[in-house]
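Residue numbering begins at 1 within each chain, and the chains themselves are lettered A, B, C, D, E, F, G and H in the order written.
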């Protein structure tokens, strides 16, 4: 739109219909000029060759269906996250092409095989069984975003053997996502084993003094391993997003 | 600058030297077009007819002197806030025209009488003697910003008489700034007495469970008086800034 | 009442029926003398020409109906806020003249067109779709309070284009209400674009380290834009109230 | 019991049946010697001539019925607090002599008229309508504990007139209980009006930055009125208990 | 003053020099009518027959000297609290009649023997040696306020013997002030031993997870003894003030 | 497994079938060499002669059944904790040999009598009735882990008599587990009475300023008794685990 | 003393000089009867055969000297903790037999060789160099308390090799004290490696989101290793005390 | 070392000097087998071709000098961070080849020109002047780690023009480090402008409700831009470390 308006203005200047001064004045009133159109903020993912993402909590089935329909008109893939089974059923009643994965709570509209464009492997590591939903969200999103993904679940720091046994997997990864609740110590240990960027995801898993994930979050922010950065509590999606951008560099 | 560049580009289009497409492409690379110049962010106050403000903490005398000198070249008034006596002495050794007010910790470079442009009176109310530095900062800033200011100090809620005695002052004010530490109850009481906007400033005055002003801050945010909004702890300057904008409407 | 009692006492003194000493003693027992009557606190809004407001959470339909009935006897308009659909249905079964707006969760008893008495426009800006209920409450309340309102929804800071595109709307507003959850950054950006008072409303939108809106609240209190003041989390009503008072100055 | 055992031991010493050394050894193994009996901790209230109190949350109807039955065997009055209507119904099905007061959530087993033994009046003051359950609990408990009680509800600090109008009630009270949520400012104002002990009860009333009553609690702890002490959030019972002890001095 | 003005006004009404209407109008402009004079808020203590109190932190020697001089003109006693030795020396250089007690950090201007007007004894109990300054402040203030005081220091809950040994002292007290840092458990234990009001004072004594007294404060607010109420961290003065009011009932 | 693989590799080196270099390379790829097998982390308890433990919250009946079945194949005992009645019923429908104890919320698969291997007695002490579920979990787990257990419930610090009456029980214990909510003072008192390690378990029992057990947790961490260490809020299992290890030394 | 008094009373009863009733009355007034003497609370350590401990912060050299002198009169060893160099110099000027260890900030008065009475070894493990003062305090106290101590410093979780290399040391220990700041992950890792009680000491080492040791504290409380219990931030002494009691069982 | 030891052991097995069983036993006692040597944890940076880094706070000049000397023996570069001027002077007195940069508080021992091995540019963006030390640390570290660095300072969100003007710099960067205090909004805005990984560094810049950087930290963790991950408050070094690893992929 804006691009079109600006083009018309420039053509009018070129045609002598509008003076430079007048054009200058009008341009200074226009918003930032953008070659990609006005809805850039919701379309950022698309611009980067990523699917559109719909964060489901708080949305009704009708709202999700509407959003997906609009986006699907232009053939682009859509990924809905944090989709509970009930919502998935309701959406798929209207849009049966949606592929639901209950483990990762994702609902996918797009090609069954996403071409891999990420350069290396993203490893997703998690501590306890209760951290699995977040870890699986990270893995599923990374997969749908065109990355090769390896997972390493149930390797808590109180039993190092499994983690050390998977040393090769870790060392081969381009980026490592580490998901952990409770004391959130796993990213520090993994960070010490690899020379790659580690993205830590605290989870709200725990009770009492975990304070909804605060303990894990603070632990990760204070990691003694320098290659660790952190995203919000339970934000498996965000970790996969950052890892995808890193994996494309 | 940008304005000049844009003008030249438009003239080149008008002259046929640059095509519309090329111009469109170049424009989309330019920053936001601004008629007021590049340093708008630091010059915002000036644009609004307000003096430049220098927040002093963490700045050396040399840095303050430099900033003031640059700003004074264009004759504009400058107000430095949170200036301790020692810093004031050092700055005034180099810039003796500075007027220092120890009570409000302000250092002023500008006309001794600022013309009043605010429509009404700004009342500055405070609770205890320890809140005075913040209250006086608010009053001094509001004065230097061209407002008529009335002050009402030492009217804590545990002794309502003084406050009620000043009812007329409060009712005549266009905007009321209320400064209080400890339990921060004064804005609620004042808010109930007047039908004007009340800007509440929590202070870090107190000890123990005041937690550096947190108690007063939370109290003010939960005010049962609907005409109260809040600024940061000890932020007398910010309250005066908001009050000034309101008083000019 | 009190005024009447005081008058009678004074007349008794004038008539010599009561001695000065006796009157002094009685007066010192009387409450604060008020020309407007005793129920000022619940009637404050009315005195300012504003509708009475009923905060619904925790109230039964019967209670809301009672309150509205009493207030409507004197023909004054009444606005109930935070009214969920179920409560609205129950109230409107008894009081069918109530107009319910599910988006803003308001229930209105009064003229369908409120005369505009505010001097300028109040702009209500919000970041994400999840912030909409709070933003719509602010807009609806501001409208019912006699202001011209413009809304600018879905203009988060991660996509500045939309916001910049609406620059004119922002610049034309007398007061700007900015509603945002998550990191609460929008008021700072808006505050930098306009030279008017900005009232920031943090929302409880978010998860994990948002801690029920604490992150947005702290962000807004620490805004680097000096024209921002803040109300309680999710307090769209309070923001509209303050904005209304400002808009009438 | 212990007293009896000790007496027997001493008599055995006096009778020469037990040596001093042996007695010394046995005594050093005994618990603290108490003239009042072993179950002092649960029977404290009774010793002070107060009814036994049952804190209901988390207890089943069967548990409450059991406790009341045991206590009623010795004819002593029993007061259950925080009793929701459903629980009250279930308990009264078994114990129909229980008198339930839904407003204060108390269930009473005892004489319909409790003799007044408190020396003066306890005033219970509260701010908003949402604070009423806590205020009524305080008033009901104080009444059942043998005090003359006066209540002053709905006198928030944003409308001082009502509070000032009730000045005489406040001044006549021996002890004042002040119940308030949100910013918790009322105890400071009341504390400034009276020269008696004020017991402040923060409530969890509020939303957003009230953080479950934390704002009110901190406000009250930081009160600028020196005659204020504070009990736990929503602890109307505790305030009445302390006030009762004060009122009997 | 106000009382005098009001009297004159009433006499003018009686004399027919001022009409009832005019008097009504003037009265409604006056502050709250008070029989004790205008400076009631700072003079509250005096009205209750208590000495004036000066909270010293943040005040210069000159300021303290000024305040004391003004108050001493009317012969009333003055008690300065939280006075460090250096400040005491500086003040006593100018006002040598001041009696300084370094242990309680109080500086006293008044009769060396204060007549006892409190009805019973106030017991001041404290836990560790580091709590002594706060406990001694409470004891000194209670003494200067005309109470008989008994102290019981160094009776922490990890060694119950001393406390139990002093059982009689506790039981004889009218009011008990309990001062404790760290886990703040002492008020609960004392509260269980006596049937009198217990005023708990948390102290900032401790380190690490004491968080400046927060641990002790929360402990006391959650006391399982119902006769405990709480004042601010380190507020020995406030506890003595409340205890004094209770002890005069 | 790993041990076996390593042995085979070494034998191949000894047999000259694999070169030293090749073996070195392979070994550096192997996980940490362990004599007990790969699943050490989940099998830690077993190695210590303790039953396997299943933490139930968040697990479905099907998941619990699966886990128990796998573990029971090797005849080892299994203890499920935090099992609500409904879950217990569902699991026992499939695995009827499970013994459910509703009080401690444990479900046990193993011999009805566990041989006592702990050297001394573990005393489990608790304060209020609401702390019982956590205390009973501690006691049940300690029993199933092969310890002699003595319990001392309902001995809050506000009534010391019961606790002192049980002095002998406390002094005879090898380790003492103390469970308390609200102000969490009991471990300090018990710690002062015994010369043994005390493991403190804060509970989430309380309301208002207990903040979900934070008050009790902080109190215990700041205990003035030096023999106290602390586990997470409501973690009766963890306390029993630590006590068991201590009791076996 | 008390023992002596009680003995005399019993002898008087035996001699018929005091009646049983009179003796009963006197006994019920006595403190808890104790065979070890009256000052049990400060002398607890001694009773357990441990040296007296003086916590130095906040004490003057004169106070420390006094305390040590009194305690040394009865020949018992004394250990002062958290002694800064300056204080140590001042104390040793008066009491030259004191042995100061700057690394552990301990000052020791007693035999140069303490006989080992602990049954096994206490291992003290720490993460970073900044944690050393706390770790060394724990090690020094454990040594002076009669334990064999092994230390394992500088084995952070980001470099597991050193820790794994010391596996034997860890496995041979009876009790393990783990000292760590920042994310506090080390106790979980160590807890997973050993089958012994682990006492975790969070330190205030760190910056930013470590919040004075809160991050490490929360991490340790949420440890996924079940054999971990926790003491206060920086409380090396407390960890050594608990470990000593465990090591004597 | 370990590698060498393992090789020798294997050769001994091959030579028949050590049996397989014996070798197995020895191997199971060895730490994790590592081809790079034992001190991997402190030498991690070196392995990645990065200089050794010394975190200076809390270290004496002597300690820093020692560490640098040891490291410099093997010719490797060393970077000390958070070096205040005084410390730098003291270290350079002994090691004059150190290059001190006061702005970034770094002290460098190594080649004056570090070869660029990073693939793209790292942009370092900061908001206010007070954030400069942290931003400069990030930039200096990134430079010394072999990256091309572009800086964009003083581009706060309240003045978007400068930031938008630098759009090209941002878009050209491989990775963007964003440093901001106060409300911490800048990473969200930058994250919306670029399609690259953004590493956010909250700073402790601010006062009042910034709570030492907590406000900025929470803001960044809740960023509505999905490409943002976060490191600890003031951790410019950590951001540069992560960015370097990303830039080498």
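Note that contacts are C-beta pairs under 8 Å (C-beta built on N, C-alpha and C of every residue); 3 or more make two chains touch, one makes a residue touch a chain.
For clarity, every value in this text was computed on a predicted model and none was experimentally measured.
Student: So subunit E and subunit G: same face meeting same face, with over half the numbers shared, or different?
Tutor: Mostly different residues: under half of the interface numbers shared.
Student: Is the number of contacting C-beta pairs greater for B-C or for E-F?
Tutor: Pair with more contacting C-beta pairs, B-C versus E-F: E-F.
Student: With chain centres defined as C-alpha means, what is the inter-centre distance between subunit A and subunit F in Å?
Tutor: Roughly 38 Å separates the two chain centres.
Student: Suppose each chain is reduced to the average of its Cα coordinates; what separation in Å results between subunit D and subunit F?
Tutor: Here the centre of subunit F sits 38 Å away from the centre of subunit D.
Student: Provide the C-alpha centroid distance between subunit B and subunit G, rounded to the nearest whole angstrom.
Tutor: It comes to 54 Å between the two C-alpha centres.
Student: Indicate the whole-number Å distance between the mean C-alpha point of subunit A and the mean C-alpha point of subunit G.
Tutor: Those two chain centres are 49 Å apart.
Student: Pull out every residue in subunit H that's touching 2 or more other chains.
Tutor: Where subunit H meets two or more other chains at a single residue, that happens at 30, 32, 34, 41, 44, 156, 158-160, 164, 192, 208-211, 214, 217, 221-222, 232-233.
Student: Could you list each pair of chains that touch, in label order?
Tutor: Result of the pairwise touch check is A-B, A-C, A-F, A-G, A-H, B-C, B-D, B-E, B-H, C-D, C-E, C-H, D-E, D-F, D-G, E-F, E-G, F-G, F-H, G-H.
Student: Can you list the subunit G residues touching subunit E in their complex?
Tutor: Residues in contact with subunit E: 29-32, 34, 38, 40-42, 44, 57-58, 202, 204, 212-214, 217, 232-235.
Student: Considering only the defined contacts, which subunit B positions touch subunit D in the complex?
Tutor: Subunit B reaches subunit D through residues 127-128, 156-160, 164, 182-185, 188-189, 191-193, 206, 208-211, 214-216, 218-225.
Student: Using the touch definition up top, name the residues of subunit F that touch subunit H in the complex.
Tutor: 3, 6-7, 10-11, 13-14, 16, 19-21, 23-24, 27-28, 30, 32-35
Student: Could you list, by residue number, the parts of subunit F that touch subunit G in their complex?
Tutor: Those residues of subunit F that touch subunit G are 32, 41, 44, 47-48, 53, 119-120, 164, 174-175, 192, 195-197, 199, 217, 221-222, 226-233, 237-239, 241-242, 245-247, 249.
Student: Show me the residue ranges of subunit B that touch subunit E in the complex, using the header's touch definition.
Tutor: Going by the criterion above, the answer is residues 130, 156, 158-162, 164-165, 167-168, 207-211.
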